[in-house]
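Each structure below is given as structure tokens.
The two complexes that follow have chain A in common; it is paired with chain B in the first and with chain C in the second.
Right after this comes the complex of A and B.
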């Protein structure tokens, strides 16, 4: 697609609003209060209506004040019902925001003659109309929404920079922050005020559903990737801006994939969808907490165990007096657990690494493989002796725990145990404990 | 704590609910049959948000009273359908909402109802492609159901397999699914078929122009949901209160959980197009939360919640019919939350007032027992003598008001009111020269309290190795709440030190509060 000036303004407005939401959203997600964003974004409706009815204008400042009051009111009443009425937090939130939303609807319908507040516009937003409302500043024509949203973003960034430490402590440990003299409740309500303000500023341009999406989804995505608050804030901002850019692109391009040529759809909706896609990708491939990376981690662990079991078996076969006429591969199949694929992979990687040699199923340890096998067998038999001698475990039942422990004993711990054992030479089954190699 | 009542009780309540619902749906059916043709005239296209209000069919030339009468008794076809429909929806969602409340899943309904939107839109497009008619209601509902289920599954997957907590999982599903829905709706609008207008009613609802067929659908689904809840009552109860215990008993907890959520999805999907997203959530959340203030019994919770849902539906829809330009959906929510507010304040079990009264009664009782103990300890030799001889205490146990006032940290007004109320109860008598003493009845109660106090002190000294000088404070708090069985146990533990039924001597010197506080001050530095 070709980008016109208005496309750029749309993306810019979307990015500004998304970034403002995402920054505050990090704290909501960390405080486990994500749904508060949803609640507040619905509950500012009566605030807007009352502000209009009282002041009689639709100028931004009045709306800001009305929305901020409604937002703080929502947070406070939810908390109040939760603590005084002993109602579970989710329910009290549900009660409060549906009620406020309903009151707002009634007020708007009752005042419908005089007010141009359409609940539909509040829900969807009309980001496509952003470039139409142009203001001139220093001779440059800038859409009003962009000016307003930049101001909000600046306020949010300033708030976070100024109160970074206070916000951090009161988010992670409200009790500690109180003992340090930081008023956690005040910080909470300041945050809620900003959420309400950001919500109402974003309303007209991007719609409340995008506000909810941008409050929660980028922050949650970033939370899957990092544990550091500063990185979390940065990443969530990046995801928000990226969602806005790709969301607008998708709104124009995506319908054509499904055969709707020449049709474009709601940018706000697609921005939410794109941010959801980011989340999905993070769930799958985040380096630390992703589902796939955890699967790979588990797989590599189990492969290491199989590899070590192969080495251990080959060592045992080579021990004096334990010669087995059968082929090593047959033995492997009988003894080593983990399935044929993992065994094959293990043998292959061991041969590649030069730990074992041989063909046609007859494998032998190379010197480097033997060294590793000695470590393993030493761990195994030392642990058996340790269990039998120090913990009085019966020799019949020491093999199983040692079979598991042999893969996890570090060299340091192994030698510590060795130093602690009185007779080091033999394990409870009478087999020789190999001495430390090299 | 909630009590699980006997099965028969539950069954009767259940039957009552089912009966009411059957009666309502049959009633609406019979009354409406003759005007069936009229219903066809009301088409979905008539519905716009601003028209989410409706008037009774014949409002001209009637007094308000007549209108009120007509509305309340459902004389008008339109009103009847709307009112009965919302009532039934209130009942069904009140029932399933109670279980969601106990499972702390109130906001699941929010995510769920938003997640249905893409399902509706996709179903519409597919039906347009294959059948040329996108607005077949069953098809749309199937789409909504599929995506509602998908949304819940996503929430559960995100919660269980990532580090994201439930609140954020709900928010993610809610906003992303709804965003997808909005995007697809955008495509539909520009398809140019012009048939898409009615889809909006799934977001805002079209309470005011509910059709007879909608009411029947809601009635049957609400009945189905209520019936299944009654049939699975015991199982749902177990899962709600102790899922792990239920699992250890061999109940299929996960399947039951899924069944519960599926019922919630079904009722939400049906209710959505009738009342809209936000009202549907309110129907699932507010009535059970309000009912919870009135009872600790699950079967009653379910019935109360259904009743509150039904009444809010009735009152809200009727008000909307009477007053012009009052959106029905919103007014129903407001009525329901008025119920919530009233319940929260006046609720008999967990209401704010009830708990305040309990608290006040307890502190009154504690203060009275403190007074009795103070009187006893001030005149202890006389009272002990009277106890031994089993006679009325003699006059020399009388205590001046001043001495009582110094005994504890209490204001003279407070003490005065305590003494007055004790006098009214016949626990304390006053002499003309402003001196006070225990009556026989007061003595009996005082003995109990003092015994509790001293038993606990002895226990702390002998079994908890607390110094004799420090036990008074601890015992002061515990004396009021020691139960009979606890006292028995203490007696048997301390049987050598405090022979049965007699008053143990105080293990420490009894001092007046002034002296006590002085003593604390003087020893404060050395501590």
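Right after this comes the complex of A and C.
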């Protein structure tokens, strides 16, 4: 596709509103109040309607005031029902915002029917129309929505920079915050006011559904990836902007994949889809909680076990009186568990690391490989001795547990056990326990 | 009932003259807290002397945590006056350090141990100003005092329960307060951490600080605390541990739930303090 000026304005408006939402969303997610964004973004509707009915105008400032009041009102009533009605926070939010939303719809339909306050627009937004409403600033033509959303983003950034530490403590530990003179409730309502303001400013361009997505998804995604607050804020902004850019791109391009030429789908909708995809990827690759990182962890653990089993086998083969005419590779196939691929990988990495040498399946331990093997065999036989001597386990059944334990005994624990044993030289099967090599 | 509580408090030496009041790190008068119509704390009165470790004891639901919160105006009270060194709490906030229960916060929060400890300095730093190097150093020293210097940059969810509790304690230390209020600092920590914490509390006492601790383990009360407050909605008894920690008072405090406490009672009775 070719990017026109309109496309740039659309992406810019989307980015500004998404980033504004995402920054505040970080605090909502950390407060475990993600749904507060949902609640406020619906509940501002009656605020808008009443502001219009009272002031008789639809200018931005009036709308902001109406929305801010409605937002704080929602937060306050939710809190009130929660603490006095003994209703949990989620339910109390649900009651408040659905009621307010319904009142808002009725007000709009009944009283303001004649004016351009369309519930549909509020839900889906009209980001595609952003480039049509142009204002001139210093001789430059800029869409009104972009000007408005820039102001909102600046206010949100300023708020977070100025109150960075106050927001941090009042979100993390409201009680301590209040005892230190930083009133957590005040900070909460300030935040909610900004959420309401941002929500309203974003409605026209991206719609309330996308606002809800942008308040939660980028922040939740970033939370999976980082454990530093400053990085969390930054990343959520990056995800928000990227969703907006890729969302618009997808909205224009995706229909052609399915053979709909010259049609484009909803940019706002695609933005939400893209940010959902980011979240999905984060769930998969997140270093701490991710599915893939857990798989990699498990894989590397099982590979380590196979490597150690190979070393252990070679050590046993090289022990005096244990000469086996068969090739090492044949023995490996018989003894070492874990499958051919892992065995192959293990042997390859051991050779690369200089732990074993040899050609055509006749492997031998190098000195460094031998050292590692001694640690392992020592762990194995010490554990067998320990089980037999201290826990009176029959010598027949000590091998299996030692086979597992040998991979997890630390040197410290090993020597601890050794110091505690009476029979330190030989294991219950009469085999020599190799002594410490370093 | 209500009269009994007060008169008993008087007998135990809790109700004191105005002169002594202004000297006490924490004097509570007529504190009543209710959730709806159900009172949680009723007419609580006591004053603690300076430079002591004070244990707050009582059965579950006795209002121990509620009392610490009410004292700091974290929850609405029906009535009551709280004086810190003779002045209203509101004006004395900066010299009161608070250690909430460990479950009170979300340990997945994206902050490091050092960040959490630095929060103790926020009142000194003041609104809007960033955390400067000077305050970070102070926070780090507090972490080292609790033996957690090596963990300063760990995200807090990667700490064990005992380590988390030490971080909370370090945060209180970094507040540099005169009066400390601690909500169950020994719950869910290992024996080594419990010893480390009690040593730090004893250091604080040596430095002339006053520490109030909500506590559960009756076995250790006599070892740990100079003073105790026995609480069950109202103050059952308050005073020096030797005089107040008796089987009779424990009976009154814990009521029918004594089976669990038999051992402690016997311990108290065995040492000849049975009333």
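Here is the rule we go by: the second predicted complex is superposed on the first by the 320 of 438 C-alpha atoms of A that agree within 3 Å, B and C clash if a C-alpha of one lies under 4 Å from a C-alpha of the other, contacts with A are read in each partner's own complex, and residues count from 1 in each chain.
The working rule: a residue touches a chain if its C-beta (ideal position, glycine included) is under 8 Å from a C-beta of that chain, and two chains touch if they have at least 3 such contacts.
Everything numeric here is computed off the predicted structure, so don't read it as measured data.
Aligning the two structures on chain A places chain B and chain C in clashing positions. Between chain B and chain C, more residues of chain A are touched by B.
Once the two complexes are laid over each other on the shared chain, residue contacts for A:376 go to neither chain B nor chain C. Shared-chain residue A:32: touches chain B and chain C both.
After overlaying the two complexes on the shared chain, residue contacts for A:12 are found with neither chain B nor chain C.
In the superposition on chain A, A:306 makes contact with neither chain B nor chain C. Once the two complexes are overlaid on the shared chain, A:223 sits against chain B and chain C alike. Contacts of A:175 after superposition: chain C is touched, whereas chain B is not reached.
Shared-chain residue A:197: touches no atom of chain B or chain C. When the shared chain is aligned, no partner comes close enough to touch A:331: not chain B, not chain C. Of the two partner chains placed around the shared chain by superposition, chain B is the only one that A:87 touches, whereas chain C remains out of contact.
After the shared chain A is superposed, the part of chain C among 27-35, 81-89 or 243-251 that runs into chain B is 243-251, by C-alpha clashes.
Within chain A, the residues touching chain B in one complex and chain C in the other are 32, 84, 223. The touching residues of chain C, when paired with chain A in their complex, are 36, 69, 72-74, 93-94, 96, 98, 100, 104-106, 109-112, 115-116, 119, 122-123, 125, 127-128, 130-131, 155, 157, 171, 175. Taken in their complex, chain A has these residues touching chain C: 30, 32, 84, 162-166, 168-169, 171-173, 175-182, 223, 226-229, 231-232.
Interface of chain B with chain A (complex): residues 49-50, 52-53, 101, 104-107, 109-110, 158, 161-165, 167-168, 170-172, 174-176, 178-187, 190-191, 200, 203-204, 278-279, 281-282, 284-286, 288-289, 292-293, 325-327, 329-334, 337, 340, 344, 350, 352.
Contacts from chain A toward chain B in the complex involve residues 29, 32-35, 37-38, 42, 81, 84-88, 90-95, 98-99, 101-103, 105-106, 109-110, 112, 119-120, 123-124, 207, 209-210, 212-213, 215-217, 219-220, 223-224, 251, 254-255, 258, 260, 263-266, 268-273, 275-276, 279, 283, 289, 291.
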